[in-house]
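In what comes next, subunit A is part of two complexes: it sits with subunit B in the first one and with subunit C in the second one.
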Partner chain A sequence: MNLADHWLFSYQALIRHRLRSAMLLLAISIGVSSVLLLTSIGEGARLFIEQEFSALGAKMLIVLPGKKETTGSAPPIYGTTPRDLTIEDSETLKQISNISHVAPIIAGTATVSNQSLARDIIILGTTNDMFTVRNLKLQQGKKLPLNSHIRATPVCILGAGLAQKLFPKTSAVGQWLRIGEYRYRVIGLLEQRGESLGLDLRDMAIIPVQSAQMLFNSPALFRILLQLKQADSEAKTIEQINKAIAQRHEGEADITVVSQDSVLNAFDKIILAVTASIGAIAAISLFVAGILIMNVSYISVSQRREEIGLLKSLGASASEIHRIFLIGSLVLTIFGVLIGIVFSYSVIFLININFPDIPIAIPWWSTASASITAVVVGLLFSWLPAKKAAAVDPILALRGEQ
Partner chain B sequence: MTKRPKTDTPIIKLSGINKTYQVGDQPLNALCDIQLDIQQGDYISLMGPSGSGKSTLLNMIGLLDRPDNGQYQLFDSNTELLTEELRANLRRQHIGFVFQSFHLIPRLTALENVEVPLMLSGTAPKVRREKAIALLTELGLKDHLTQLPRQLSGGQLQRVGIARALITEPAILLADEPTGNLDQKSGHEVTQILERYNSNGITLLVVTHDQALGKRAKRQLSMLDGQLVNDSKTLAPSKVMPDKTIAVQTISNKNRAELT
Partner chain C sequence: MRVADYLQWIYRAVNAQKRRTLLTIFGFSVGISAVILLNAIGESLRQYILQEFTQFGSHIVAITPGKTETFGVGGLLNTIRPLTLEDTISLKRLPNAKHVVPVVMGTAQVKWFERGRHTDVAGLTAPALSAWQLSIAQGRFLPTDDMLTPRAFAVLGATLKQELFANDNAIGEKVHIGSHSFRVIGVLKAKGEFMGVNLDDMVYIPAAKALRIFNRNSVMEVDIFFDDNIATSAFSEQVKAHLIARHNSEDFTMISQDDMLQTLDKILRFVKYAAAGLGLISLLVGAVGIITILTITVTERTQEIGLLRALGFSSTQIRYFFIGEAIVLALISGIIGYIIAMSLLFIAKLFMPTIPIVFDALVLILALIISMIIGMLAGWRPASKAAKLKPVLALRAE
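Presenting the complex of A and B:
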């Protein structure tokens, strides 16, 4: 019996035993779908984080004040050091050839008010480079003055949400408002972009870094964001940064430089582990489907005893019967896998269309591994029933006896 | 059907075949020292009460069963030495089965059922389809090719069964009560078909209860309690004495009770 005939024979058995086939197909496709859909949730989380990082702009380094000697953990948020990181430090970094943009950041909370409307919000003091490094866009108005790192100009740029709250009726651009003790003129509005790595830019105000130094009465930078010209010479650049800061800080490079890649990698590892364990849990349903395949195959062997006896009398050997039943299961499993894949991808497609905000996708490796697992489980669990079929005594089977 | 040359050397040669089944506590001698030669083109009927070993002998000849001891030579092969795989091959090449209850695969059409043996032997789909259509047309089933077994009458089913047995052009056709489930008219038709192919050279062995059918055969065998008690070729109820026949008959009844 050649391969094409095996398929044909199995296919005929499949489509002409509708109920049995439908049951098995359902079981297998549910198993495959559950793996695909559950892993797609993990993959969705990974995509979300990747999206967040790519919004930051590529080739970014973050310089934090204080030296953290630990490695391999999440990036440190605050370090401790007797020497502050200053605006002047950040200006020095501009001289490093591989650095294209330097955005010093002073952050703090302050009360912003327009007459009786007031909000306690995070104020970011920075320069125009910030817009390039974090890929921020304005929907209205203009960016910070080019001399933000020199002069404390009383201007600010508002997040879209904050502008809405403070100026519900009028356009915010051109208006004056009060931040802490000082008055600022609104010169621009940020584009509606939502959250970025936990920072809700919609409810923030951005002012020149010198103004922030004056507002918070402190020269200490919260951090410096750097954009590189070339990502591949990252290590060398970090070395140069350390050297430059050490020169200014009495020979001690008391800073921590975090690269975007290292952060992304850390997240990636965590999410991958989570996704894989979700996938493993979902694989249990594939296993259950396998047991169902075995049960139904056993029933099928009992039902088809007469046919098996007949095939033997027509010259089929035991190994051929074994093969017929294995291929029968294989055909069934492959159909089930296909149905499961089509179903899962349709569900994900519908979610993507209706809820474009939720980044969700089926990772290719889960499709591949679920398919392979299903086929292997299918074959494994039909092995015994097929063996039983091969052992049927043709004489008894043809006589209709057990 | 191609005519096969008739030769004097037997194509089937059984000598000293024994087969014992365990029925309950005691062994049942299904076949007892069977000696049988069958020539190419023979028309043989095999009769006897149920439990006498007819079916076992048929299965033995059809290579579905193995003897406990004795020799079975089919053409040039000593079959008792062969592996299951090789026996299946021989069966596929030389032997066609016709069953009392037809044994068609219910989900396959008449045409597909006839194709199954060629499918098993790996014949190309186009070739086997043409062959099956030709054979079914020859048997008057041209209009029923795509019908499923449940849509066919008994006579038609048996003709499909015969077509399936003949499609590999076997040398030997083994029919187990081929007319047992048919009315008289269909039974007669089926008998005529079988006899037609026999006159074309195929060796035909019919197991039957039907005396009328049995008498039509040129060579008639009778079995009792696993022994061949009558062979019309040797022209006499030779081996067994009448009084022994009676003695054996009582045991046979006992065995039959245990069998059913």
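Presenting the complex of A and C:
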């Protein structure tokens, strides 16, 4: 039998039992689309994080004070060390040829007030390089003075939300406000970009790093953000950073350098694991669909005994009958998979059109693995019924006996 | 017709096609066990994490310096409103406070002669031993010195001791942390990790010393363990009033263990239900299976139905036959699914004895009720089809 004949034969069998075939298609396509739609949510989360990272400008390194030798542990998030990482340390890093921007950060909490309006917020002390490294934009006013790392100028830039709360009626730029014990002039407003990787800049104020050193009375940097010129020599640059700091810190490189790539990879790995396991759980439904395929195949084998007997007496071999039934299920499964794929992709398409801000997409590997799983399940579960069909005795079958 | 007759009819119907029945039941029970299993895994995860958090007791309030809405990071950052050791001492005077532990964390190199290791440093006070449920392997824990002028003693975590001293004796030796020297007075037993922090690769020193090493004036957190006989909210109010009186304003953030557990519990419950929800997809496919098979059965038994109608059975009675069959199939599947799920959990328990696994009778009842409802819904259409058959046509059907 050639392929066209097989197709015709299966098609007729499927069309004869419309409801039955429709139910099988439904079962398979529910399984396939649940795998696709659920993995698309995980993929969406991954895309979201990737998008956030690429918004930061591609090649970033983070220097944290402190070092840990515990294997497999988190980087030293406390940032407290006997030997502080200072503004002068960060200035030295500018001499490394592959580093284009250096943004030292002193962070702390303080009360910001304008007359009777007061807020307790996070204050970031930094330099203008921060704007390049984190890709921050101003909606109004100007950036920090260029000598932020040398002079403690009493100026600040406010996040959009904070400006709204402290200056509800007037424009914030040009006004004076109080941070802790000092008075600062507002020189700029950040763009309403909102949250960026756990750092809610809407409710923060940015001041020159020297001013922050004065405000918090501590020279200790919380982080240094670095932007690289070339990403490929990252390892060498990290080595140079360690060397430069060791030279200033009595021969001890007591810092931890985290690359953006390693952070992204860690995120990627976790999300991928979660997505894959959710997909696998959804794939249980494909197994259930497989059992249904088996059940229905058995029923149709026993209903089509006479037909099988006829085919056999016309010269069809047992292996040919086996193949006919396998292909019958295969056709059904493939249709079910196609319906599932078309349905899921349309749903995602509609979401993408109506909510362009939500990054959501079906990962190619889930489409591939769901399709392959469905086909394999379809074949496996119709193997036994097809075998039963192949074993039918033509004489008995034609006579209408069991 | 008596119920017994219905049951017998259903029994015959189910029994007549053994393989078909078995496969239908198998499919649906896979769905049921997926729901039960995922729900149980979610519940185990919830209990495991809650256990991790409540191992220090639930009567704890943590205070961090700086009042911000940003959850948790306050203690790590600089602040213009420090929370000092003097504050800690004054909090000790609260009538219901059992232990008050100031916490200062940081990283430094711990050195013993030529051997050194960069690791975590925890600045604490004596009550931390019982409050954090640490146990001593050798020597003793930090003594109850004056909080502001403690002696320079250090207690090593198990891993750190091994790394620095290997099998040598550590007690009485001098180690350097930063530029300060400390005398080792104790080694802790291995404790493992808590929230990603390895408690064994850590050196424990008095909080005042840690503040000096790190050149800070504010502790990162003060943990107050209070008596069981006072409500968390009442105690929180006391602490709040006390600190506001000292600082003239609310420049600190207070998180009670109860609040944290509640938030955590909410999240974990959501995860659990989401997991069970994923299992529902398989159950849905199983229900499609029941519908399909029953429809086929109705078609096959058209003549039989016609005969029954001709003998005077009402269409309602016919409907009951088929819905009854669907319910019975679903119920048996529910029981089998429960057994499959529980055996898998039992096997898992053998391999991972520390993980809490819950055997909940409520889940069985719920599973059976859900199975019954789904069976009823799945049986509805085929049953209606059977009920609507015209007896004459049905009898004539080939």
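Throughout what follows, the second predicted complex is superposed on the first by the 386 of 402 C-alpha atoms of A that agree within 3 Å, B and C clash if a C-alpha of one lies under 4 Å from a C-alpha of the other, contacts with A are read in each partner's own complex, and residues count from 1 in each chain.
Going forward, contacts are C-beta pairs under 8 Å (C-beta built on N, C-alpha and C of every residue); 3 or more make two chains touch, one makes a residue touch a chain.
Quick caveat: nothing in here was measured; it's all calculated off a predicted structure.
After superposition on subunit A, the partners subunit B and subunit C are accommodated together without colliding.
Once the two complexes are overlaid on the shared chain, A:V257 sits clear of subunit B and of subunit C alike. Residue contacts after overlaying the shared chain place A:I291 against subunit C, while subunit B stays out of touching range. Our angle of interest has its tip at the CA centre of subunit A and reaches the CA centres of subunit B and subunit C; in the overlay it is 90°, to the nearest 10.
Once the two complexes are laid over each other on the shared chain, residue contacts for A:V377 go to neither subunit B nor subunit C. Contacts of A:L330 after superposition on the shared chain: neither subunit B nor subunit C is touched. In the superposed model, A:F216 makes contact with subunit C only, not with subunit B.
Residue by residue along subunit A, subunit B and subunit C are tallied for touches, and C comes out ahead.
Contact with neither subunit B nor subunit C is seen for A:V102 once the two complexes are overlaid on the shared chain.
Within the superposed three-chain model, A:I121 lies in touch with subunit C and out of touch with subunit B [touch as defined at top]. Of the two partner chains placed by superposition, A:I271 touches none, neither subunit B nor subunit C.
In the superposition on chain A, A:I30 contacts subunit C only, with no contact to subunit B. Closest contact between subunit B and subunit C, by C-alpha atoms in the overlaid model: 13 Å. By the touch criterion given at the top, residues 19-20, 23-24, 26-27, 30-31, 34, 38, 65-70, 73-74, 76-84, 106-111, 120-122, 180-181, 200, 203, 212, 215-216, 218, 220, 222, 252, 254, 278, 281-282, 284-285, 287-289, 291-292, 294-296, 298-299 of subunit A touch subunit C in their complex. Residues of subunit A touching subunit B in their complex: 1-2, 4-5, 8-9, 12-13, 16-17, 306-307, 309-320, 394-395, 398-400.
Note for the complex: subunit C touches subunit A at residues 19-20, 23-24, 26-28, 30-31, 34, 38, 65-70, 74, 76-81, 104-109, 117-120, 159, 163, 177-179, 196-198, 201, 213-216, 220, 251, 275, 278-279, 281-282, 284-286, 288-289, 291-293, 295-296.
Subunit B contributes residues 55, 59, 62, 64-65, 84-85, 87-89, 91-93, 95, 97, 99, 101, 103, 105, 107-108, 112, 116-117, 119-122, 125, 164, 168 to its touches with subunit A in the complex.
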